[in-house]
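Okay, so subunit A shows up in both of these, paired with subunit B first and subunit C after.
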Partner chain A sequence: MLKRHFREFSVLGVLLSVLALLGVFAPDFFAPQPLLSRLTAAAPKLVVACGIAMVMISRQIDISVGSLFAVCSVVCGLLAAAKMPVPLAIASAIAAGAIGGALNGVLVAGLRLPSIVVTLATMVTLREGLRLARQGVFIDLPDGLQWIGLPMIGGQYLVCGIALTVLAAMAAVMRHLAIGRAVYAVGSDAEAARLAGIRPRLITFVVFVLMGALTGLAAVMNVVQSPQVDPNTGRMLELEAIAAAVVGGVAVSGGRGNLGGVLVGFLLLACITPALTYIGVKPYWDKAIQGAVILLAVVADGLRNRKNGR
Partner chain B sequence: MFRSFALFLCVGLALLTGCSRSGPDTGAAPSGGAPAGKRLTIAFMPKSKGNGYFVSCKQGADQAAKDLGAELIFDGPVSPDPAKQNEIIENWITLGVDVIAVACENKDGISTALKRAKDKGIKIVTFDSDAEPATRDFFVNQATPEGIGNALMDEAARLCGGTGEFAIITASLTAQNMIEWQKFIEARRMAKHPGMKMVALRPCDDLKDKAQAEATTLLGAYPHLKLLMNICSPAVPGAAEAVKQAGKAGKVKVIGLGLPNENRRYLKDGTTDTVILWKTVDLGYLTVQAAAALAKGELKAGATSFKGGKLGEFRIVGDNILLGEPFKFTKENIDQFDF
Partner chain C sequence: MSCLLQLTSVTKSFGAVRALKGVSFDLRAGEVHALLGENGAGKSTLIKVITGAHQPDEGAIEVRGNRVPSLTPGEAHRLGIACIYQQPALFPDLTVAENIGIRLEALGPFGRVRWGARRKTAEELLRRVGAEIDPDAEVRSLSMPEQQLVEIACALGAGARIVVMDEPTASLTREEQQRLFGVVQGLRADGVGIIYISHRLEEIFALADRVTVLRDGESVGTRGVRNAEGSDPDRSGPTLTENELIQLMVGREVASIDPPPSTRPGATMLSVRRLGCSSMGLRDITLEVGTGEIVGMAGLIGAGRTELARILFGLTPADSGEIELAGKPVTIGSPREAVALGIAYVPEDRRRHGVILEMPIADNMTMAVHERIFPGTWLRPMAERSLAERQISDLGVKASGPDAIGGSLSGGNQQKVSLARWLATGPRLLILDEPTQGVDVGAKSEIHKIIRRLADEGMAVLLISSDLPEVLGMADRIAVMRGGTITAFFPGGSDARTVMAAALGQAVGAGTGAKEGAPC
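Moving on, here comes the complex of A and B:
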């Protein structure tokens, strides 16, 4: 167990050391209410990171999630503002995400185009289309949408609960269900998977649709945290999600990684920025430290691959 | 291949049209014929037409044109687009307008077109954001960095009673205008409000949600914080929401540079105390007044003051006509503004 998941456990070790240091130097970091608020604010990113991990395991990439996140947020906001019942507005946002994901899926799986190019195109198209349509104007949401009408604490537990449920469900699917195993198989060796009776293109398409739907869900989880939608939201989200997956040990080359690692990678990156504020480090260090963590993860993977002769 | 492409187009169009605002198009098409008689033709271009900020500038511009009995042509790109701005200016050169007033999306990008217009004898005024100084006659400057810095710092000190910790949320650590503002905020703090202590500076990448997260962290990390100063517009509502959710509304003050509509709810419920900007209606009004005076030869290079119609005297420094002190949006006056 320890040996097989050495990569994940080493990141967990780093995370625990960071938390221990914070416990000594900035115990306020663990004050329950701001901690819950911070986790709630980060929870949508975890959902996107889970999706990205799955996409990467299938040996694809999706950099359009940030733009799609903004589109889904705006769809949810506009429909709710137009007096559509809240559950319907939420469902529409998730559906919009699935449609966006299906578009990527058709282009990647159907036309066999490289996913980095396809999702680069959809990333730019969706973002610019949104800018054209909305001009950056905020959308004011009706009262019933924030925390889905719950008291704030209830809403925060709900958002965090959904993120953990998604994580657990995806971990179970990837580990125990045939489709999950098929994603690993396609990511390891698509030709071998095909010979074993798996349909790699169908799997790829399904992966992108699911990625889109998860992005829509994440957008909703973010929208409910504030009474206004900023149509610029989600900028750089794709990078944060990919970084969480990479730090958590998901291989960009496909076929390797698990959701537990994603959780640890996500938590590590999510706590660095606030931690720096708590210990009073100048903000100029933020990106440098984030970058160093990612670099370290990539180098560790590279070294391990060389040792294993891959 | 074709089927997928068609699908791509359909989805793209559906997304675009589904989201597009059906508000009235404020851009009046330029009338084809030359202006009758000696009636002055003023062409007025925002960075983008639908933007509420510029729509409110246009209100003032329309009023000034009415006061002057001049014809106002209002046109601009649908979304900020330097190339489209050039195209419109070329059209105006052909049309033979008397004077062009423009808010430039890109300083360098627009210079060639403006220079060509100037060579044809068309007078040029810039407002909101300047072009290369050589390519225009005057810039109507809505707020100097010093004016903004002083207004923010003075307001912060006033709300905190002169002493206490505050933190700044900015867009990015590299944005030139924000670095400039911070410099003047710090200079003012040292000179006038030494009791105020800036404990942290955090970037929010110009995103409301990130500003909310940063503000939440700041509130937790600095329990003695008395005020959050937000110097990019999405950060003001973001910080206000964080303060409200932390149950610190009123205890931690929120001020910043922002837009009235985005902050209306927080100004009204008392979470945000002051939003600082300039009077956009007056900016449009003064710009058109200056444009007209320039075309008539009443306003010449070297002038040190200018009478802007019903708004009275304005100071001119170099070739900048100063709109004056920044304006403070508060609970009391917020209902008069909609942008």
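Moving on, here comes the complex of A and C:
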């Protein structure tokens, strides 16, 4: 257990040390209400990171999630503003995400195009299409949508709860359902998977659709947190999600990684910024240090693989 | 005798190459049916048709008497067909138990994986094949024979009735081989039909009930074998001896279309003494090539011929032995140094290592000599063009001109472009690796003439080829490699059967003029 998941446990060790340092030098960090707010704000990213981890395990990548996130947010906001019942607006946003994911999936699995190029194209197209269509106008949301009508604390627990539920469900699917193991198989060796009777292209398509649906869900989890929808939302989301997966030990080369690692990687990256702020480092170093953490994780993986002869 | 599998007139082409030209094949329950043939005879393609990895262009497949219109890997699996590939088709990132489980469990997409049961099944199957492997180990950490045993465990667990084994003993130790034979015999006793591919004749005679020999994509015959267990000799007509088997493999007509060998080998150009490289499996290689001499390298795939070429071209460092070039000891640390010493290597796979298909042939021809023909900084397109035009006419490349794209040429002409690139470096030693593989007959004979002309001009040529008539017809001397070293030398024009027997590791007395052992 420890040996097989050495990678995940070592990141967990770093996370615990950061938390311990914060506990000693900045106990304020653990004050319940601000902590809950920070976690709530970050929860949509965790959902996207879960999806990205799955995509990466299948040896694909999806960098269009940030743009799709914005599209789904706008869809949700417009429908709610047009007095559509809230559950229906939410379902529509998730469906919009699934459709966007299906588009990527058809291009990647159906036409066998490289996912980096396909999702680069959809990333730009969706973002610019949205800009043309909305001209950057914010959408005012009706009262019923914010925190889905709950008091703020209740809404925050709800959003965090959804993120954890998605994480747990994804972990169970990837570990305990045949379809999850098929994703690992396809990412590890697509030809061997085909010879074992798995249909790699179908799996790839399903993975992209699910990625899109999760992006839609994440968009909803973000929309409900504020009274307006910003059509420019979701910028850099793909990078943050990929970073959480990579730091958590998901291999870009496919076939390796798990959702527990994603949670740890996500929490580590989420803690580093506030930790630095508490210690007194100027906040504008934040991105550079996040980048350094990612680089460190990748270099460590590279060295380890070299040692293992791969 | 029930027939498990029946292939009738199966053909399969890849582009212009016809890999299978109407092959028929059958497999009975409880037999080991060996499949033999030289490299490129179509064995791998036939296996892939049987496992559903390739769909045949024409022909019928019947499994247990039922016609299978389209055989996919999933369908093959369902019909009880399993294959142990030479390179195991396992998932390197997953554990042994999961690799076995994923193939054995018929789960729907939302079926639940039972890890405990998986582990137990894996342990049980691994015990049956006599493997001491931790089911929780990741497959990437296993050795090749261990991975093979995992494959066999999969086949056992799937209850396969038809098992294909593609050179299963190629990387096994003696002891592991014996254990494998035990497993094979156990399967046969259970009524499983086994298609067994191996180059080792002693295995064929120890295990097989029948042998089918493929040559150039055609089946040249199926014979019964009186194997060591004394199985019923008249189950399929006449039985066969090793000599007859070798004869079947090489064919009767040894082409005499090749130019006559030169008669005047000059001074020694290349001299290799006791060369070894443990990581490539080479040991104790001693070889000389004279100026104006063509030395043919015969042997099976995996015998170490390409590996030797890689050492001579500085791609892999040797760890023992000496290399002398024109009487001077040299160390060849990189292809750059090799080129500077006057060594050229035309690699085997021209699509991957030879011609850059997207580039014009002029660029392809000059890329190894940019520094020499363009001293200074700038490339000069006119100089490049004229060099290319000269090469095109010298070698008889059929192309629309120096600007034609490499990918637009036929295989033979691509090979000439690849050759031209290395001739431009002005080599003293030319190493050719399978120079006429996948090349049509006309271009093949032109390439042969070019090679002979180069030798006559004083170049030392090392010709690696799995095409035995080519080696026999072209070479002044023939070196046979087997198991990482040179096992025999023969004079040019030796008898095909003798050379093939040496490559297979058999001592056949009928050879003419065989000089075994020490280099001449």
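To be clear about the criterion, the second predicted complex is superposed on the first by the 310 of 310 C-alpha atoms of A that agree within 3 Å, B and C clash if a C-alpha of one lies under 4 Å from a C-alpha of the other, contacts with A are read in each partner's own complex, and residues count from 1 in each chain.
Definition applied: a contact is a pair of C-beta atoms (placed from the backbone, for glycine too) under 8 Å apart; a residue touches a chain by one contact, two chains touch by 3 or more.
Keep in mind that what you see is a predicted model, and the values were worked out from it rather than measured.
Overlaying the two complexes on subunit A, which is it for subunit B and subunit C: clash or fit?
Aligned through their shared chain, the two binders fit side by side on subunit A.
Could you tell me if A:134 is touching subunit B, subunit C, both of them or neither one (first, second, both, neither)?
First partner only, subunit B.
Output check: A:236 vs subunit B and subunit C. Expected answer is one of first, second, both, neither. What do you get?
The answer is first: A:236 touches subunit B but not subunit C.
Figure out whether A:176 sits in contact with subunit B (first) or subunit C (second), or with both, or with neither.
In the superposed model, A:176 contacts subunit C only, not subunit B.
Considering only touches as defined above, state whether A:92 meets subunit B (first), subunit C (second), both or neither.
In the superposition, A:92 touches no partner, neither subunit B nor subunit C.
Is A:256 touching the first partner subunit B, the second partner subunit C, both, or neither of them?
A:256 contacts subunit C only, not subunit B.
Between subunit B (first) and subunit C (second), which, if any, makes contact with A:191: first, second, both or neither?
second
Between subunit B (first) and subunit C (second), which, if any, makes contact with A:215: first, second, both or neither?
Neither subunit B nor subunit C is touched by A:215.
Which partner, subunit B or subunit C, touches the larger number of subunit A residues?
Ranking subunit B and subunit C by residues of subunit A touched puts B first.
May I ask you to decide whether A:104 touches subunit B, subunit C, both, or neither, giving the answer as first, second, both or neither?
A:104 contacts neither subunit B nor subunit C.
Least CA distance subunit B-subunit C after superposition, rounded to whole Å?
In this superposition, no C-alpha atom of subunit B lies closer than 22 Å to one of subunit C.
Jot down the residues of subunit A that show up as touching in both complexes, subunit B in one and subunit C in the other.
Looking at subunit A, the two contact sets are disjoint.
Flag every residue of subunit A that touches subunit C in the complex, lowest number first.
Against subunit C, subunit A makes touches at 4, 175-182, 184-185, 187-189, 191-199, 251, 254-256, 308, 310.
Which of the residues in subunit C end up touching subunit A in this complex?
Residues 51, 53, 73-74, 77-78, 83, 89-94, 98, 102-103, 105, 107-113, 115, 136, 138, 140-141.
Give every residue of subunit B touching subunit A within the complex, in rising order.
1, 4, 7-8, 11-12, 15-16, 18-21, 48, 50-52, 78-79, 173, 200-203, 205-209, 212-214, 216-221, 223, 234, 237-238, 241-242, 245-246, 261-262, 265
If we count contacts the way the header does, which residues on subunit A are in touch with subunit B in the complex?
26, 28-29, 31, 33-35, 37-38, 41-42, 71, 74-75, 78, 99-100, 103, 106-107, 110-111, 125-126, 129-138, 140, 152, 222, 225-228, 230, 232-233, 235-236, 273-274, 277-278, 280, 282-284, 286
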